[in-house]
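Here come two complexes built around chain A, the first alongside chain B, the second alongside chain C.
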Partner chain A sequence: MPDFISNNIATINFSLINIALGLSIFITLFTGMLSLANAGFMAIGAYTAAVIATRTDFPLFGGFLLAIIVAVVVAIIFGLLIVRLREIFLAIATLGFGEIVRIFFLNGDKVVKAFTGDENTNVFNGAEGITIKYKSPQDILGLPETTWPLLLYVAVLIYFMITLQKSRFGRVLSAIRLDESAASTLGINVVRYRLLAFVIGAGIAAGAGALSTPIVRVIEPRNYVFGRAVDILASAVLGGMTTWIGPVLGAILLTALPEILRFLKDQREIVNGLIIMIAIIYLPRGISDPRFWSSLWRKRKSGQGNAAEVATEKEKEVKTG
Partner chain B sequence: MTIKRGFLKVSLLAALVMLVSLVLAACGDNTATPVPATTAAATKAATTAAGATTAAGATTAAATTASGATTAAATTAAGATTAAAASTLTGDIPIGAVWSLTGGAAIYGPSQKNAADMAVDEINKSGMLGTAKIKLITEDDRSVKEGGIPAFDKLINQDKVVAILGPTLSSTALATNPVAQDKKVVVLGVSNTAGGIVEIGNYVFRDSLPEASVIPNTVKATKEKLGYKNVAVMYGDDDAFTKSGYDVFKKALDDNGVKILTTETFKKGDTDFSAQLTKIKSLNPDAIIVSALAEEAAGIMSQGRQLGIPTTVKFIGGNGFNSAQLAKLAGAAAEDAISGAAWFISNDANGNQNFVKAYTAKYGTAPDQFAAQAYAGVYILATAIKNTGAANSTAIRDSLAKLKDIDTILGKFSFDDTRNPVHTPILQIVKNGKFELFK
Partner chain C sequence: MEQLPQQLVNGIWQGAALALFAVGYTLVFGLLDIVNLAHGATYMWGAFFGFVCVTKLNWSLWLAIPAAMIGAGLLAILLDRLAFKPLRTLTRGGLVLWGGFLILLLGIVGKWDDPLKWTLIGAGAIIMLVGVVQDYLTKVPLQVRQVPHLAPMIASIGASIILISLSQGIFGAQVARFPPGTVSDEPIQLVSGAVIAPVQLLVLVIGVVLMLALNFLITRTQVGRAIRAIAFNERTSRLLGINVDFVIAQTFFLSGALAGAAGVLLGLAVRRIDATMGNDVELAGLTVIIVGGMGSIWGAVAAAFLVGMLRVLSVAYLDSSFRDAFVFGLLILVLLVRPSGLFGRGSSTRA
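Our next item is the complex of A and B:
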């Protein structure tokens, strides 16, 4: 394993987890829904996988599949209730969902006790959470075995996002985001597609939660507080929401930046915050904003001469934009 | 369509640039080693001296700089020879420290950092380890596992530390310490009190007395002195620390034959405890056991007294009481609150008063228990390194495991077979807004 990877494996792992989470909120944002429920679905995924890992002999993949199934079922039930809500109302309802999930895992044992009548059941273990036994990860083809599933998962998700944006389904979601009433007059069942996007987002978040268990190792309710939902949203906002590249870049930046800045010691958090603030102010459409990069690209070209072409392109821009 | 594809290409390129810059930044961090720095300084001094001699009129300055350069060179040379000659301790001994300097636990981390830095300075100045010096590399974990795990990775893989102090939070320790155990690097927790920490493996130690050893002592001693038979219990059920504190209290009360009249719960951040306290008041307990952090404990005490729970009914608690905040927030209601603790500011253990004085002089505030345990932790590690005479992790581990009855500011200190600390906990009571020894 190259030194760079082995030295930064934790950062790489957390980046991959956050990319998956960023993509999970991207799909709902792409449909024009501001959903903050993804931290809750991540918790559902992580707890399902952790319970499977500590109580059965199933491999991680089993926990991963079950986590997605559980999250999808919960998302369908909850989604039917809230999918007609708009904008800030949806945000508040989903935020509430995240808290319900967290509090459920905090007190889940009381529910289990009430059902089984056994005083000594400790499935979720309250505030202390579930601790996954650490196994020294073996290297497979130059990467630890815990990183491979995450990498594959993220690769599959990115492939899904690329095809989504070109597919009919993706265009339907786009249409709903741009103008809901126009979309419904075209015969699109808005509610069904919104529900579908919500459920897919939930499934992705749960999968990320499940695959994060061998890396986070302690699954406790504190991991999935409101701040986590904001972090997930932040990677999409910072990266940009126009293409799937946005959440990917945003997640990498938000995860890696604090680690890269470690040499700053006490000033680290200040510089970290400053960089993010500057990025948001000067790139309000995210760091992956295609307009910003293409204008940079054009400037570079104009530096090599041919100012006339730039002028015409600018004219074009004025006309179109 | 073509334009859109163009955007995609550009964005991909941007992603590539970002990745490359990330790689470069990380690599740049790697290459920064302290050794060339000294050489560079020496060379710089030499060149300055050479340059100055050519200039007329600045002879004195030149002489001083030149002599300075020679001394520096001589010391480096001397250092090198000692390193070559003796196989015992020389040079820098890299020790890591992971504190929560930002984030939710940032009220604990800084005092740990201050105390550990101070202890390292003292040890390096005193020549306790001969010519060797401890090089303390401090990392912040932002109070989350996502910060602690990379911090441990960095300390172990890049800085090649022989031991790590911390991390501040137990939940972070549960996630990070298996990595150190796997790579056979000693971890000495100085504030981890939860269960399951030292069980991670034989390289994991702690000098922070777990609640499981403090609370039984608290219950036994207070029961003897106060003679209570029936108590009411209150605890915060959404916090790992207060919840595990409650579990230990319950067991200790059962063991001592004390009857629990009622068990009431609350949540972190609650401000109104009147429902629970009214119920408790109606049951007339002899004492009220509270497993809470200082903020909630203060609320419970002041509201309890307001509701008319007589002052003869004492509040007894765990380490959560052990904060100057308690008396500040609860005022007169905190009077006579009793709690067990691992360390006490006025304790007469060897060196404790010097530590309190030095810490207060240096940082302008009195040390708390977190500072004391971090300070003691550095000395315990240094003693282990001194005893074994080698700066490798396995030797330090074996040496730590053998430590018996050494003098620390926590009192006579040993590790037991499970790498848990052994020293006498103390009982304290609030009198006139200050902690005093409970007798």
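Our next item is the complex of A and C:
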């Protein structure tokens, strides 16, 4: 076991980061909002933590808290603007936000120079990004010390998601996803709850970004491009969006796939794409689709056809996004 | 300010190329409500088709552009059959098609000896063809499906990964260029100190011609009427006897052909063809179709010129490094003021 961990520590770390990111987009999808701003908020978190780490003596935890606070403030301001948008329009607006954030970090030093009037300050270092000094991590209880905070963070997030689905707050979000006008007739302030979900998602993504700094070490704008936002979405959708298990499974699968397929060398990207396509065609509701697994279970028990299931499947159809 | 005429010229030809790309996007979205993220990969393959025609087959550019359009159009149909059709209706033919596709990929990707490699590729292609025909003739599908909104988008991401890595495998990772002299380099003097390179003029002319042709097709022909009918209401069109599946294939062909033309033309104009060239246009295209109003063709064209102009002018008069930030700023602004886009008229009057 220790061998397995030390051999695959990078995969484990990145899986944990991607799980946190998958959960951050899950909460907005759970409310029926397709937000692609998470890569941007991750960048905000990572840059905040990296600046704190390189310029002050604060421990990682301080940077982590500050990163979440910064992201939440930005999310509230931006969210107030866009939270009334729907579906694909929301997706594109948030995508635009993500790109603006990336471009800001790419060229932010110009802005800083313009404000301070000092030509020698380089906060963000443009395309090179911020490099954090390498300290070889010590092992604590079989895991490197950089992995522990991530593991703890993911555990807290999963606990939060489990309680969410049982709480009143979670049901309100779910109601908004299923039927917004019905929800607002029941006296739910739809806009406020949508904003809340957006801000929580932003905070989670920023936290993941902050905790990823000691692992990624080079914080550069290239890490937070459009493709990154799409990857986050892909892991959530591939895993399935009915419960929190979906994003977790999807993130692990998508992070591990290139590693598992390493023996294919040049061809692994193609196989990677094929697996994504086949998985989504065979299980359009994601790998964790509870209906699929329960039907599998029932089939094994009774072995009868599933005509009734096909009928209910259509009725139960929930538009996500 | 004395640069202004030149900047306007640059903005216009870039807008024309962007319009070609974005109209294909918006056609598919208007018809099926799918954001086809593999559109950029189709565009890239179109550029490579044109490139191969010019360099390997020594065809003239006038032959290479239509060839690339047909190639990219067929690729788009294949994309629909492999990635999107199984999510609408699952047929036996569709499964055969997938089987053939896997064999074909195995043939292309694997390190086989020569006769075996071509046997695999040939067999895969024939099985795929059988699958397409069988799929087309199917009267009773295995399953009519209702999938979540985002599933087609994820399928298109997978397809895009495959297409990009295939082209990297076949054409290599380095940047390809059309041989110099494909189009003459002599700039043409326009009025008041603005010049336009012949290749840019070519982009503009072909762009405008194709837009007009598309407009004719959509508004005046039977195919166009069918496309509009399906965009309006698919179920009713089916009841009225329109072969919905065939029309969808035609729409994908149109969308792919336009993307292919855009690929060759931009590949010529910016002198750069590589596997990732689709990524840059993808985002600009998304912006264009949103600003123009999802599904509205003329909206997309107008927005493409607007975005092209904005990109050029922000480089010339503001800060070049913030170019895309201005474009996305415009995007968010438009969404706030008119959430359905500048020319969108709600969802019922698409295409």
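Basically, the second predicted complex is superposed on the first by the 300 of 321 C-alpha atoms of A that agree within 3 Å, B and C clash if a C-alpha of one lies under 4 Å from a C-alpha of the other, contacts with A are read in each partner's own complex, and residues count from 1 in each chain.
Keep in mind that, in the parts below, a residue touches a chain if its C-beta (ideal position, glycine included) is under 8 Å from a C-beta of that chain, and two chains touch if they have at least 3 such contacts.
All of these numbers come straight from a predicted model, not from anything done at the bench.
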| item | value |
| --- | --- |
| Which superposed partner A:281 touches (first chain B, second chain C, both, neither) | second |
| Touched partner set for A:269, first chain B, second chain C, both or neither | both |
| Touching partner for A:106 - first (chain B), second (chain C), both, neither | both |
| Partner chain(s) touched by A:14 [first = chain B, second = chain C, both, neither] | first |
| Chain B versus chain C as contact partner of A:92, first or second or both or neither | second |
| Partner chain in contact with A:297 - chain B first, chain C second, else both or neither | first |
| Chain B and chain C contact sites that coincide on chain A, given as residue numbers | 106-107, 266, 269 |
| Sites on chain B touched by chain A in the complex | 6-8, 10-15, 18-19, 22-23, 25-27, 29-30, 32, 101-102, 138-140, 142, 145-147, 149-154, 157-158, 171, 174-175, 178-179, 181-182, 194-196, 200, 237-240, 243-244 |
| Chain A residues within the chain C interface of the complex | 34, 81-82, 84-89, 92-93, 95-97, 99-100, 103-104, 106-107, 110, 226-227, 230, 233-234, 237-238, 241, 266-267, 269-270, 272-277, 280-281, 284-285, 310, 313-314, 317-321 |
| Contact footprint of chain A on chain C as seen in their complex | 35, 37, 82-83, 86-87, 102, 105, 109-110, 143, 145-151, 153-155, 157-162, 164-166, 168-169, 279, 282-283, 286-287, 290, 294, 319, 321-322, 324-325, 328-329, 331-332, 335-336, 339-340 |
| Chain B-facing residues of chain A, complex | 3-4, 6-11, 14, 106-107, 126-129, 131, 134, 136, 215-218, 220-223, 243, 245, 248-249, 252-253, 255-256, 258-260, 262-263, 265-266, 268-269, 287-288, 290, 293-294, 297 |
